[in-house]
Every structure is written in structure tokens, then in C-alpha cells.
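In the two complexes below, subunit A is the common chain; its partner is subunit B in one and subunit C in the other.
Up next is the complex of A and B:
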């Protein structure tokens, strides 16, 4: 031992610092985004691309200070992560989400010239970034606080309704709202079509997928062929598949009158549904098959030993135990189908994709948003709802 | 009664079980013992037709098992396995009531039976009926497993290493309870284990298996006294064999009447084993014990010479027989 070791060392003992790095970084990112990216844009009419404005221009210094304060508070809370602080952060996030439409109202009041009836307010990059990062924060907080998937869903639903109210009452300067008001009837119809297409495609593929999975369990040889075929189908680009179906279906409609009477044609619902089902089958069949095969052999052996018949073993033991994994399959399938259905608009099947492609054609980004946002929201709702259902069906409530 | 005669089982070219002949009389406890992979579990599963035997006859209550509907056969045979095989999506009450439900008993009878069995196995209904298997400890889950096997009151119980996954203390406790239960219910039990002490403790009839064949069978005492070969002897514990034999013998069967000499200081209850008597002698540095009844009244005495000699006598009488 040297003399140095014996000397009292200056003590720099500090409490170890264990911030929640994820939330800290996200808070910093939001602060940076709010200051550096464009807050809103203002355009004199629908086609001309707008002029971007920063946060200070849009909501003035007091507004910018409030926003910065909220993000700094989040960063401070995340540097000492306790369950109380997490809850406080959840509160701040909800507050920010609720304040967001008011920011737009203020910006609209300051920046949009009331004498121009066509003038409109676009949502800037800062807004989208903050919204996206806030959702990431919610995911992190949900995991940290151990909340079920229902909580954020309910929360977001509440926020969504608040936004809807603001948009309907005060935000008529917002480009998105103007696009919506211009085609309100068309919008609801498109949402209905979209849901109907997804519902039919997922419904059919759930039934077909279960049948196929059960057949595959019985005939092992079928398994390889079916998976190869379904994997191959999955690799065809969706647009190409829609195109490929055009010719044969048009021929069928022309030559087989009963099919034509049923509404089958080269474009429209028939090819859209066929393609959607073809894509949905792989995740559905794969999950169903794995779900059914994964059930513990020991449990099934016990069921047999207790004197359960084949049908009883399937419906009372194998199927209920497979159900949570099976529902995961339905969830993946449904979310995938909601996205794919957008493309179906190209072959005349309608749905929310119509706005996306029309908007792209007219270079009107806000119209694209009018189609894309509801698709996103629909996907989030279905994802959370089916996920929570699968959780609730886990054996004995949890595992 | 269960009778197996010249039963074999082939899986492809592999012979899992070869030429097994075995008889378990009604109400008897038969243990199949052997190292893992010796065919003991296969033998057990052939009895309730989870595995179909390749040749030979398996006769249950005078009728070959092929003549039973396998499903109905299994419903009248209780079955307990190591990892309990409880259904994770059903609560305890539903798990126990399975076979009665399959047999379409009226709901009220099922409930009554489930509650009765939970009482018998020391699972308070209020606390456990609505718990799920993953909320139970290993010992509790195994009690539920036993209750489920007993639910429809089968005459026959097959148990496949039921206590194998439990800690030693829980295992011993459940063994004691099974012994008590068996003394009351007199089921015909076939019990598979690799734990020789467990088999010696519980079985009336011990079957030692190796490589799919029966090496030796008989009462535990008979095996302890005359193991057929070094394999059985090593399974029985080699040098410990003498003590294990003493553990199976009761003091009251070997005591002599009180002699004229002063009674010994150390006292031992009459239903203790000779092993415990030996241990007491070693502890108290004496070679004589006073045997007392439940009221602590002296009823006889036991000497070290007597214990050693009795063991000799047993051996001689066995050889003569």
C-alpha cells in the first residue's frame, strides 16, 4: 500500500444519477423540434405551397415560453424517474396534446389574412414531430407504469374527441379542416367503404386461415406447399397484384354472367378483396398454425389421459389456449389490411386511399392527409383494441 | 385388479418394454422403479391406452383393455403426472371437476364432489377454488392434480412421478398424505418413480425395471433382504440396505415382554420403526429400550441383540420359504 492510498481522498461522492435516458432524449428532441422546425405554414390558396413560420412568429414569445417550459419540465421529471414523476409526465403529455389545437388557433389568428377567404393554415413539421414523439413517450410511460393497453387508447380517444371539437368549432382556417368541409359526405362514405373492405377481407381470411391451418395440421405435406405459396403471394407488390387480377377478372365478368351479376369485374371491389385476402392469409395462417401447435404437449396429453375426446380436446383445451396468439394474428392481419386497402383505391374500390391518390394528383398535401390520418387512426384503434383483447384472454387473466 | 402378461412395446425397431408380467391386486400399491428411460412410464401409459401395447395381454377387472372404449377406460382410471398437467386456463375447481363433467354428472353433485376433495387434500375452498394453476405453488398444484385424478372416484390410480418436481420437504409431506389417503381409500395404484426411498415408503409391491425389462419384483422387504443382482442392490442403497429394512419394520413386531431386570431409561413408542430404535440406541449409548404404548405405559422391551437377530431370522425364514 502506497502513501497515496493512505491519504484521505477528496470525496466526490454523489448520488448515482440514473435518468430515464429514453424520455430525457425524447423531451430534448421535442424542445429542439419546436424551436428549429417550422411550426405552421400559411398559404393564400389550396395549390400554392405555403410560407413557413417558426414558433415565435406563430404563438409569440409567451406561447413559445410556455411550450419550452412544458418540455423542460418533462426533461426534469425524467431525470429522476419515480412512479410519481412518470404520472406527472403523463399529465403533461395530455396537457400538451390538448394545447396543440389552441396553438393552431392562435397561429391562425395572428398569421392568416382574414381578407383572403381561400387563405389557409398548414400544420408544420414541428407539430408532426412533437405529436410523433409524444406517442413514443406514451408507449414508454405505459411500460414503465405497467398500464394495460386500454389506458393510452382511452386517453388518445379523449384527446381525439377534444381535437375534433376544436376543429369543428374554431379551426376552419386549418387546411385539413377546409379539405374536410369541401367533401364531408364523400369522407364519411370513404371511411365506411374502407372499414367494409377491411372487415370483409379480414373476416374471410380469419375463416379461411383457420380452415387452412387446421388442414395443415392434419396433412403435413400441405403445410410446405401452402406456406411456399402464401410466402410467394406476399412478395408480389400490392399494386402489381391488383393489376394482375384485372385481366382474368374482367374476362370472368364478361364470360360468366352469374359472376358479373354478383358484382365481379376487373376493377372495383372484387379484385381489391381478392388481393386483400391473398395478403391477409399468410399472417393469419402462420399465426393460427403456430398458436395451435404451440399448446403444451403435456397439457394435451393430460387432457387425453383424463378421457377427453378429440373434439373436446380441441375446443376445450387446444383452441382456448391458442386464442391469445391467434388473436395476435388477427391484429397483425387487420392492421396490415387497413394500410393495404389504401392502395385498393387505385383500382376503383374506394376507401380512404381515394383522397391520398387524388391529393397526390393535385399536389394538395392536405388532401393526402385527409386520407392518411384516418387510416393511421383506424390502424391504431384496431391495434390497441385487439391487443388488449388478446391480453384479456390470456389463461387465468395473465401469464 | 390389473394384470399384465408378457407385455411388450416396440417403437419402430426400438423395444421400449419387453415381456412384462405383473399383477396388481385390488387395493394394492405397486411402485415401478428404475432409472430414466427404463420403460416404467411407458408401462404405465399402456394401462390407460395412452400408448397401445404391441403384444401380450393387459387385463383390467377380468377384461382385456382392447375391449374397452379408450375414452371410457381413461375416465375410470385416475391419472396424475409430474408437472401436474393442469389446464392453465381453468381455475382449480374447474380442473378438479373435469372428469365428472365429462361423465355428465349433475352440476350440484360436481360442486359437492369438488369441495369434498379439496377438503380431503387440504385446499380450503374459499382460498383456492378460484385460483388459476399459475398462482399455485408446486405442492398445491400437485394436490390439485391428485384431487382431479380422484374426482370421479376411480378404482384405479396411475401416478407418473407425481412428486418428482417438488422440493424434498413438500415431497415427503405429500408422500405421507398419499399413504394416509391410500389407507382410507384402498385404490389400486400403479406409481412410477425413480426415487427408491419413495417407493419403499409407499409400495406394497415393488417392481424394479431396467432396459424395458423387470429385473425383480416383490414386497419391499423381500427385495431389501434378497436383491436379485448388483443393480437392484445399488438401487436399494448398497450398505444402507440394512437400515432401510429396519425402517420398514415396526418395533412392536419385535419387542419382547418386560423382563425381570429394571426397565431401560430410553423409551420408544411401539409403532416406531427399528431404524428409529437403532438411532435412539446410538444417541443414548444404550443397547436396550423400553417400548411404550400411546399412553406412555411400558408394554415391552427391545434389545440391540434382538434387532440384529431378528434380521437374521427373517433372512433364514425367507431362504427356507
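Up next is the complex of A and C:
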């Protein structure tokens, strides 16, 4: 290195331009998706697949111009990233989300023939893509602005309620809404069943998992056996485990009357719950065990030196410190259980999976959506909620 | 420590390592070929059924399609996951790092059944939707481990490599990737093992694979069919998992030996 290099060189260049490339790319992707992909589709009845329409056909030139303008504004704001611009972008995202049902209303008004009572409006690929990318934008903005997880969740909940209102009042041409109206009672029942199954399975596996993890800490030999067994359970496909439980439970119900009186039968809730708990145990036990082991020995020694008894040390030191990691286990377990419960519909356990498999059987894709979308939303809500709770409980407040 | 582990690996060590996976693969092959011979056993499970061995398609055909679906998904996932992991750890792509991390964990939140159901309207019935669902579901372990593996490479080692005159491509190729390889491989192992079990779901949307006997068994109330499907999938998963285990150990040995 020469002396010249070591000297501070006067900078003639202006500060380099640092746009937020991520948001710039995402805005561009949304703009492209809105113009290139199908905006909505219109079908004359339930089974026929619809004809696709582009954005200009669906919401005419002024609508398309407004949509493009909003995306371009987002791109412009992201090219000069300041905290104020990020907040403005948050506002634009909420605006776009709130405008989305209105786009569908306009499209329904233009494109659906009012003389056909069965005609229905399907949501096109552009809508789903933009929705997904907006979700990504929200994630990015949350990270940039350093917001806690509660804010986007609350905002999205508000948007969801607005959508629900629009759907109930004005969007009766939408295929999804028509499917929903045809089986409203069934839908609420299925949601209830789904949540009840997941809740029971997660609740039982939390208790069982903690007991097992504590036993493992006491008896080291148990640890290896239990982990081998639980790991092996995970390699059996969920579908097969549900199926394999049918026969023994049917036999039990036929031969042990008290169990049959309790509602145990080959088909329905009993095999579903057993399989769900079996799958939930591995993530639960693993996380509980790691959480309890990871608490630093020095902290525990300090507690001991302060004169705490064994029980006190566990409940007042080890357990609270382990709680965030433990909740992480509950989160993984719950999200996994929500997905698995959908499969349980195949053996008659009810829940939202019923709509998915019935819809697949009838080739009625809107009915499949009616089952799949709530499952997805449920999984996202549980994921965000438990994640936020774990953040809040972390020692020293939020991360 | 490095010297010791180098001397432990004797010339005939690899053949011993391959013992366990070979047993699982042999068992799998025996079950594929000899399933009709086990009829007596399945007859005992399901005495009243008209037929106890699944015969709507040959087992080797189902196994072949199962392996094909999982491998296509795995190849695409590994290519995309590792490329994304490398791209966001470079100087230029660092802006995308938080988003990609979040995106991968978001993918795991989407239940495979729901993804499968949502993919059917777009891609139709058959093999394609299950491949997409597997790709989305298997991406997280690979991306997460690639990020962890590359980020864990000691900064001083990278600096030393640069000081030796290596270009950034050479640093990636000869320093970062080899050092991160065991961690990345662990991610691939998790991803593939999970996907072998999840691929069975494809049978519900008309992709014919080892999930077929299970679905047929549930629909007809024939436990023997379910058992056959479950047995083969479990054996396949164990074969793949143990093979990855051997490969991982050899990789680790080579790293600590050199």
C-alpha cells in the first residue's frame, strides 16, 4: 500500500443512490402481474371453468390507470427510502387492500350477465399474486420500520373485516361467496370442528410433551428411546397413520362397550385425535426439552445461592426463562396440526378438509377454495399470534 | 483433533458405513418384489376382504413415480434454495436477506393440503400440483440451513482467502460452500425425508404414487392396503435418511481430515 492510498481522499462523488431494491422489485412485480395475468374469470355455472378477463376488460381504463398509479407511487417511494416514505407506503398498501373488493364489484357489474342466475365471478391469478406480494411488502416494511408483529396483524384483521362486510353486502356474484351462502351453517360448524380438534390435540400434546420432557431430563435412557420412536413416527405419512388407526379403534368400539359409549369409533374424531397427538408430540417434546436444558447453569446457581428451593428454582427461574422457546414449540405444533386436521377429513373427522375433498371429488374448485383459504388464514393467524406472544415473553421485552 | 479423526477412517470404513442404508434398500426391494408372497400375513389382518394385496398398479411402478416426484421437487428446491441462499449473502443481494428468511418460514406455515388444493385449479389434477406443494414445503429447511451455513463461515477465513488473491467467486466456490456443505446437506436431508411422507397426499389429487394403496384402503375400509402403502413409504424414508446420514458423516470426515 502506498502513502497516497493511506491518505483520506477528498470525495467528489455525490452520495450514491441507495433505493430499497426489495420494495422496488416487489412493486414492479405487482405492476407486471396486474397487467399480464388474468384479473377475473366469469363462468356460467358451478362446474364449467370460466373465461379469463384482463385488467382493462374488468375495471376499464380509469380503473387500470388508478391501479397502475398506486403501484408506480409505491415504486417511487421505495426509491428514496426514509421512514416517512415507508409509512406512506404502508398507507398505500392498506388502500390497495381496501380497493380490491371494489375492483371485483365493478368487474361483476360489467362482466356478469344479470339474466343468468347461476353465473359467477372467479378471482383471477393477478389478484392472488398481488395479494401475496402485498403480504411480502408488509413483511419487509415491518422489518424496516421495526414494528412489532401486532401491527400488521391488527391492520390485516381490519382489512379482513372490511372484506367480510363487502362480501356479505355486495359481492353475491363472487363464486366463493355463492359457495359459502349455499352451505353457511355447514361452514361455521366445520370451522368450529377444525378449531376444536386442533385445540384438543395441541392442548393434550402440550401437557404430555412437558411431562415426557421432564421425565427425559430425569431418566437419560428414556431420552434416546423416546426420540427414536417419535422420529420414526414422523416418517409414517399422516394419511397412513389415520388409515391404520381405523381398524384397531373399530375393533375396540365393537368389543368394549364403555369405550363405544364414550364416542370411540373406527371413523371420526377418535383416530384423528390420536394421530394428531402422535404427530404433535415430536416438535413439542423436542422444543420443551431444549428449552429447559438451555437455561444457563449460572443463572440457576445464582438462584440456588439466593436460597431458592428446587420447586421454586423450576417454576420461578427455569420455566419462565424457557417459556419463549417452549411457545415456539407450541407454534410449530399448532401450525402443523392445522394442516394435518385437514387430512383427517378423509376419515370422517369433519373440519374444513371436508370442503377440500368434497370439492376435489366434484371438481368444484370454488368449494376447494372455501376449505383451503380458511385453513391458510387460520395457520397464518396462529403463527403470527403465538410468534408475537413468544416475542413479548422473551426476557428483556421484544427482540 | 483433526489428526485423530483422519487416522480413524480406515480404508475399509466406507463399506461399513453403507451397511445400514443397504439393509433398508434391500428390505424395500424385497417388499416391492415379494409383496404377493406376504398374502398370508395380510389375510390375517383383513380376513373378510376379497383381496388383500393391492394390484391396481405394480408396486415398483408406484415406487418409481413416488421417487420421481420427490426427486424432481428436491432438485428444484435445492437449486432454488441454495441459489437464493447464496444470492442474499452476497454484497449486492444483502437487501433481500430478511425477506427471504421470512418468506421461507412463511412457506412452512402453508399447510401442504391447502397448497395442494390451491394448486389444482391452476395446474389441473395429477402430478404437477403435488410437485409444487412439495417444493414450497421443502424450501424452508434448505434456505434456512444454507443461510446458517454460509453466515457461520468465519469472517477471518474469508479475509485470509481474499488476501491470498482469490476473487469473490473463488472464495465462494473454494471456501464458503465447502465449509457450509455439511449444514446445507442436513437441510436437504430434512427436506427430502419430510417430502417422502408428504408426497403420499398427492394420491388425493390423482397423482399415482405410494399414497394410492393408502387412499384405496381408507376408501374401501381395507387395512391391508393401508399397511402396504405405509410400509413402503416408511422404508423409502428410512433408506433415504440413512443414505444421507452416511454421506453427511463422510463429508464431515473429509472436512476435518483436510
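Convention: the second predicted complex is superposed on the first by the 381 of 399 C-alpha atoms of A that agree within 3 Å, B and C clash if a C-alpha of one lies under 4 Å from a C-alpha of the other, contacts with A are read in each partner's own complex, and residues count from 1 in each chain.
Simple rule for what comes next: a contact is a pair of C-beta atoms (placed from the backbone, for glycine too) under 8 Å apart; a residue touches a chain by one contact, two chains touch by 3 or more.
Only a predicted model underlies this, so the values are computations on that prediction, with no experimental measurement involved.
Of the two partner chains placed around the shared chain by superposition, subunit B is the only one that A:317 touches, whereas subunit C remains out of contact.
In the superposition on chain A, A:280 makes contact with neither subunit B nor subunit C. When the two complexes are overlaid on their common chain A, residue A:193 makes contact with neither subunit B nor subunit C. Greater residue coverage of subunit A by touch, when subunit B is weighed against subunit C, goes to C. Once the two complexes are laid over each other on the shared chain, residue contacts for A:306 go to subunit B alone; subunit C is not touched.
Touch criterion met: A:139 reaches subunit C, while subunit B stays clear of it. Of the two partner chains placed by the overlay, neither subunit B nor subunit C lies in contact with A:27. Of the two partner chains, subunit B is the only one that A:298 touches; subunit C does not reach it.
By the touch criterion stated above, subunit A contacts subunit B in their complex at residues 298-299, 301-309, 312, 317, 320-321, 395-399. By the touch criterion given at the top, residues 20-22, 125, 135-136, 139-140, 143, 232, 234-244, 246-247, 335, 338-340, 342-343, 346-347, 353, 356-357, 359-360, 365, 368-369, 371-373, 375-376, 379-380, 383 of subunit A touch subunit C in their complex. Put simply, subunit C touches subunit A in their complex at residues 45, 95-96, 98-99, 102-103, 106, 108-114, 117-118, 120-122, 193-194, 196-198, 200-201, 203-205, 211, 214-215, 217-218, 221, 223, 226-227, 229-230, 233-234, 237-238, 241. Touching subunit A in their complex are the following residues of subunit B: 48, 50, 71-75, 79, 81, 83-89, 91, 98-99, 102, 132-135, 148.
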